[in-house]
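Labels for the chains are A, B, C, D and E, by order of writing; each one numbers its residues from 1.
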Amino acid sequence: MEKPRLAVFKFASCDGCQLSLLDAEDQLLSVADALEIVYFPEATSRMEAGPYDIALIEGSISTPHDAARIQQVRRDSRFLMTIGACATSGGIQALRNGADSAEFMRAVYASPGYIEVLDQSTPIADHVTVDFELRGCPINQYQLIEVIQSLLAGRTPRTPGHSVCLDCKRRGTVCITVAQGIACLGPVTQSGCNALCPSYNRGCYGCFGPASQSNLVSLTSQMEQDGASKQEISNSLQNFNNNAPAFREESRRLLDRNGEPY
Amino acid sequence: MEIQQLQEIMQQLRFTSDLSAGEQQQLAAISRFEDFSRNETVFTEGTEHPNLYIILSGRVEICMTIPARGCLPVLTLEEGDLLGWSSLLKQGEMTATVVAVEQTRVIAIDAAALAQVCEQDHDIGYQIMRRMSLALSQRLVASRLQVLDMYAVSDEAHTLKQGGTHE
Amino acid sequence: MNDSVQSVDPETCFLTLDEFARLFEVLISRGYEVIGPTIDQEAIVYGQLSSIDDLPRGWTDQQEPGKYRLVRRDDNALFGYVVGPSSWKKQLFPPVSTLARADRTEEGWQFQEAKEETPRYAFLGVRACELAAMKIQDRVFTGGPYVDSIYEQRRSQALVIAVNCTQAASTCFCTSMETGPRCKAGFDLALTELPDGFLVEVATAAGAEILSDLQTMKVSPEQDTQANAARQQAVDQIERRFDTTDIKDLLMSNLEHPRWDDVAERCLSCTNCTMVCPTCFCSSVEEVSDLTGDHVERQRQWDSCFNLDFSYMNGGLVRNSIRNRYRQWLTHKLATWIDQFGTSGCVGCGRCITWCPVGIDLTQEVNAIRESES
Amino acid sequence: MGDRKIKVETLTRVEGEGGLFIRMSGDTIEEVRLEIYEPPRLFEALLRGRPLEDTPDITARICGICPVAYQMSSVHALEAALEVTVSPEIRRLRRLLYCGEWIESHGLHMHLLHAPDFLGFESGLEMAKQFPEEVNRGLRLKKHGNQLVDLLGGRAIHPVNVCVGGFYRIPNRNEFQKLIPDFEWGLNAAMETTRWVAGFDFPEMESDCEFISLSHPDEYPMNDGVMKSSLGDVIEVDQYEAEFEERQVPHSTALQAFRKSTGRPYLLGPLSRINLNRQQLFPQARKLADEIGWEPVCRNPHKAIIARGLEIVHAYEEALSILRDQHPAGKPRESYSPQAGIGKSATEAPRGTLYHRYEIDDQGKIIEACIVPPTSQNQAQIEVDLKHLVTESAGQEDAELGRKCENLVRAYDPCISCSTHFLKVTIDRH
Amino acid sequence: MNSTVGKQAEKSDSIWVAKTAVIHEIAAEVSGVATYQLSLRDAAAAQSYRFEPGQFNMLYIPGAGESAISMSGDPADCGTLAHTIRLAGNVTRSIAALKVGDTLGLRGPFGTSWPREDCRGKNVILVAGGIGLPPLRPFIYQLLAQRDEYGSLHLLYGARTPEMRVYTREYDRWRAEGLEIRETVDRSSPGWRGNVGVVPQLLERLTGFDPAETILLICGPDLMMRFTARAALQRGMTSEQIWVSTERNMQCAVGLCGHCQLGPEFICKDGPVFRYDQISPYLKVEGL
């Protein structure tokens, strides 16, 4: 049987998610054995054209060139999977979406005229059909391996959708909000990090984006009751998944609508 | 002779069995037996039709026409089922085409006469309409169930996008 | 611990603080892993103890809906707190355990039990509500036609040393659930803490055997009075009342009550209440395999009815809203549990109230429904 | 000979995406250009107005390969602005964290990205088939680095435990102790690896560049010190922006860094660090440098792979010394109250000096941020060295010349992801 | 009440450990549905294995997981265990990838069975919808094996389309042995001369039985069961005469994991077969 052809593509991102694959030191060689890695510039000089069986996409779309490039990648790829917050929600760089992007460019570049960028940094799914999304900033290496394993076995990958809280309890972390009054996005954030931050005595900052049916209004109301300002709460939602609809809407509700419901 | 025979049968049919003898007789007076051979059309969608039917034996199918797909059967009716309510309710043209799937014997009731009977005697009219409502409500429930496609293979396309599909 | 061997009228004796300190070495030398209260992560949790010094000496907990704080006591009480975020469920029904293994061989799949050595626990500091919770989980895991061997083995080997509450938190309502605060059954030894030692009730042979390694004293009438007063203090401090009259019918006849929508606006569906609950027992099994897929383990993990996927069926989700999931949890805990196991699933420990990040109080939710009825 | 253009569309085995463009007219080299395709992500702009506490988490996202470096430079700069001094214990732990990143990043670059060039493979994964022992050893080293960052930072990529003032939580002694056996093995393995790469067949090359790195009297430079130059002078970190400047050069659309006083580009990174701080290496690393005959000043950029090996050895030694002597006792972080001010810091990322400057207001919000990553500073020097290489090898076929250039670029371990928000970029690939 | 014979054969066996089953035969039924004949590899286990109609096994593909699949073979022959499986999820897709001779894991049997004793001396109407026929088939075999002990026997079967009807090859034999079969499909297709319409209508029309002396057994989607039961109640039957086989997310199969709860019932352990009065209040509540 021919091995599935794997390609890894990068758009606007930090490289961390594709590094997760190279960081799977124990499985890396067996992954490389089970698949043909035919396009993965960070790891190999082998650069074959499509079609690809599995394409991993890192990064968001933020330039006209990338907007065109992703279309070709989609045409070339049978199973297209986005990896990480940039690709699934637009990434930290989507913070510019609401802002004056020309002003943003001027703040960083002396003569921004050279740089051709779109006003918005958007997730891959805004441009092409995505077959599977792996969340996280960065993604969880074990989830990535599980997905690859599932694809090899012809299964639907299993990645849990529960909140961070469940993982805190499974690993025996005491709730930092209740016991210490530390603000935490855990109750509304999807698991995947194994409830990392609370185990390091800090509040979850939402790397894996909103959990399904997350009740943000209730959590942010509680945070306000505990003394946080709307600006501070909104700020806590404006991280790597700021453009994920649930976080984005709640942040806007707090700031633009002064907390009034839509 | 035929009226008597009709009346006897009406005592058995679920549509008419618990009507009073007088009412059954009134109904029998405006009814007659009719037979359709296999593949014979009972009435056609878009036409006006004088009769209402109760099926005694055999089977008919209700078909509706979709261009390029032809006349598609949506429901089959058999013994005891009511057919052709449009003619009684004076809704104008028939809403479907009905064809006998096999040799079928029906009681054909003159719709205009039945309407008149109901009009003149609201007691019997109430009885007839109540039964018809029941039959139609069952038909309606059945149609809903059909629409819901109960047996559709609900593929376990399980949360392909993390969290995404549940929102 | 086995109910049937518990004597009806337990013997009582007194243990000085010094002798109590020796209890640890006695237990450890007898091969027990001592689990009890200790301070970790700004809370009193149940963890492995090696000496009396690991106990939360001089600390107490203050609790209210959505809030827990450690506070210094003005004495050196060792068990001067109420209950914390952890329960003994963690030891008896571990958050993660391997149920079985599968290995692909030339003759096809081979399946075998995942044999793990069962730890022999001595639980120190079990509260009355927690004894009730263990009894409830006993029914769940061992009372039906199918017995969960992991639970059963851990449970049957465990020594239970209860400690009577001498104070209560604002979230406690064990008196309403008739589970406390006095430890009445289900223990090997039960302690009541006094300033200079412990009153010890001996309920089983196993308990007596442990005590035989320690110097015990006769209980003086003053000590007895003191202990009664200490226990009474807990009773007196319980302010929360919860009316459980006909609660099953009340809830099951109000499955479409608007209050479920109301609580759904507040509920985060975060699973915290179910995770801290000492009786909640839902779990899921995950397949854990190597990349070849030839060696697979089935891992059971705590799960929660608040999880969206929990009710997944045929490509859809049965309880696809927070309202439905909260209703499931509450009606199960307080109503249908009675049908299934003959008791309420709630012991009145108040953990779900304290550890809810937004302070949802199940007693208030039920009261709201009850009030709308009358 | 007429016009000649050589284009390497996509540089492989480097972090981030870029290309290489060479234009010659006859024997004259008109242009040698590293092209950057990475879209800008505007970090300095989006930091403005945010609480300073967010900075280490956000700047880490500039680069998934060296997030620790970003976190280190940012917390040091912010602590400077806040006038916070961290305890010796925290300082030591920060070095330990940095050791983890160096081991991981150097391990990755040496085994999976760079070594295949010397042995003729498309990738480290391909190379593993013929050199399983070496690649597996490399993966294990890399894994140790990750384990260390994982323990102290919470996770290998974008650690969560670093904060202004220290850490959120300090792991307990037991957690540190557990790593020691692996690290003892790793120290020996790292020496083996270094001996292995030292035996590669290196192309002859001499770069007359200026080496610059942090320097510290008592320790190998990581998160503290002054800037030292191979020209002999010393620059205070405070003077960084006064001394180094970015300029538009005619042959490139990118801004490139030069030293004002010399008007010439300079080189940061492992080669510079070793050349300037060899005496501060831990004993075994220093001994190994002698053993493999490391020159007093190595000017061959291809040999940076050996420098990385020596630095891994050093990182293992230093990590072990910290791990063995770890008795967490003090508070995990220093407290502070917000105050208006400006803070600057430079630390040594695996690829070289990473400079941060922040201006904060009295509420603790960021007013202005300036981040200067090593790769964007090295770019000018890389182009100079490329030009040199092209001049010497002009007679070769396009493909061969292109390949040689690509190999040279890889020797610097450029991190294009990092450099982008700083560099002027053109998105036009063609 | 109906019996539970799901206790493990040997006390020492963990309830969590599957037994190795070998695939003997795979017969395609209809699109996406096939019947697998399995046998337990361990001779002693195979020897002692017994099940009652209505019960299910957990079939296990390591790595993919377990799936609850009804027994669909003849309970008189427990040597081979038939399971009719529809491709739906990870597990069933993985099973579909297996071939004759391959192995998989099996735990069971679990759950309650059809009320054989209640049926004795009564008319029995079996109503099946779609893939709801396989769980009834063992009971059909059982009824027909002792045909004399029952009154009239009817099978009312509704499928989505004529092509989706399962076990059609057996209908003639069943008819010959005394089972009257009526079928209907939701959607007709060319050449279909049978009924079009939904299953409850078959029950509405059914004549020649005394509702008071009849037991109705229903297996199919929740909705189909509710409306079939409704039609039966309209015909004068009582809830006590109606039995249904329900479906929820069965995972542990022994009532210990909580997934398949419906009201007070764990479907895996207290069901899947319930008397209608016991379960109907909960079937009607949305999202319970």
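Throughout what follows, contacts are C-beta pairs under 8 Å (C-beta built on N, C-alpha and C of every residue); 3 or more make two chains touch, one makes a residue touch a chain.
Bear in mind that the values here come from a model prediction, so they are computed numbers and not experimental data.
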**Message:** Among all chains, whose Cα centre is located farthest from the one for chain E?
**Reply:** D
**Centroid comparison with chain A (C-alpha atoms), farthest chain** = B
**Chain whose Cα mean lies nearest the overall Cα mean** = A
**Message:** Taking the mean of the C-alpha atoms as each chain's centre, how many Å separate chain A from chain C?
**Reply:** 37
**Asked** What whole-number Å value describes the gap between the mean CA coordinates of chain C and chain E?
**Response** 39
**Prompt:** If you average the Cα atoms of chain A and of chain E to get two centres, how far apart are those centres in Å?
**Reply:** 44
**Prompt:** When the C-alpha atoms of chain C and chain D are each averaged to a single point, how far apart are the two points in Å?
**Reply:** 51
**Prompt:** For chain A, which residues are shared contacts with two or more other chains?
**Reply:** 153, 156, 158, 161, 201, 212-213
**Prompt:** For chain B, which residues are shared contacts with two or more other chains?
**Reply:** 154-159, 166
**Fill in**
Among chain C residues, those touching two or more other chains are 289, 293, 303, 308-309, 312, 314-315, 320-321
**Complete:** Seen from chain E, its contact residues with chain A in the complex are 63-64, 89-90, 93-94, 97
**chain C residues touching chain A - in the complex, by the definition given at the top** = 40-43, 45, 66-70, 84-86, 90, 95-96, 265-272, 275-276, 286, 289, 291-293, 301-304, 307-309, 321-322, 354-359
**Prompt:** Where on chain C does chain E make contact in their complex?
**Reply:** 99-100, 102, 104, 107-113, 140-141, 144-149, 252, 255-256, 281-285, 287, 289, 293, 296, 298, 300, 303, 305, 310-315, 318-321, 323-324, 327-328, 332, 335-336, 339-340
**Message:** Using the touch definition from the top, list the residues of chain A that touch chain D in their complex.
**Reply:** 10-20, 22-23, 25-26, 28-29, 32, 37, 40-47, 62-66, 91-93, 95-96, 99, 103-105, 107-111, 114-117, 121, 137-138, 193, 196-197, 199-202, 205, 207, 232, 235, 239-240
**Message:** For a test of understanding, state which residues of chain E touch chain C in their complex under the given definition.
**Reply:** 4, 6-7, 14-20, 22, 41, 60, 62-66, 88, 102-105, 247-249, 251-252, 254-259, 261, 263-264, 266, 269, 285-288
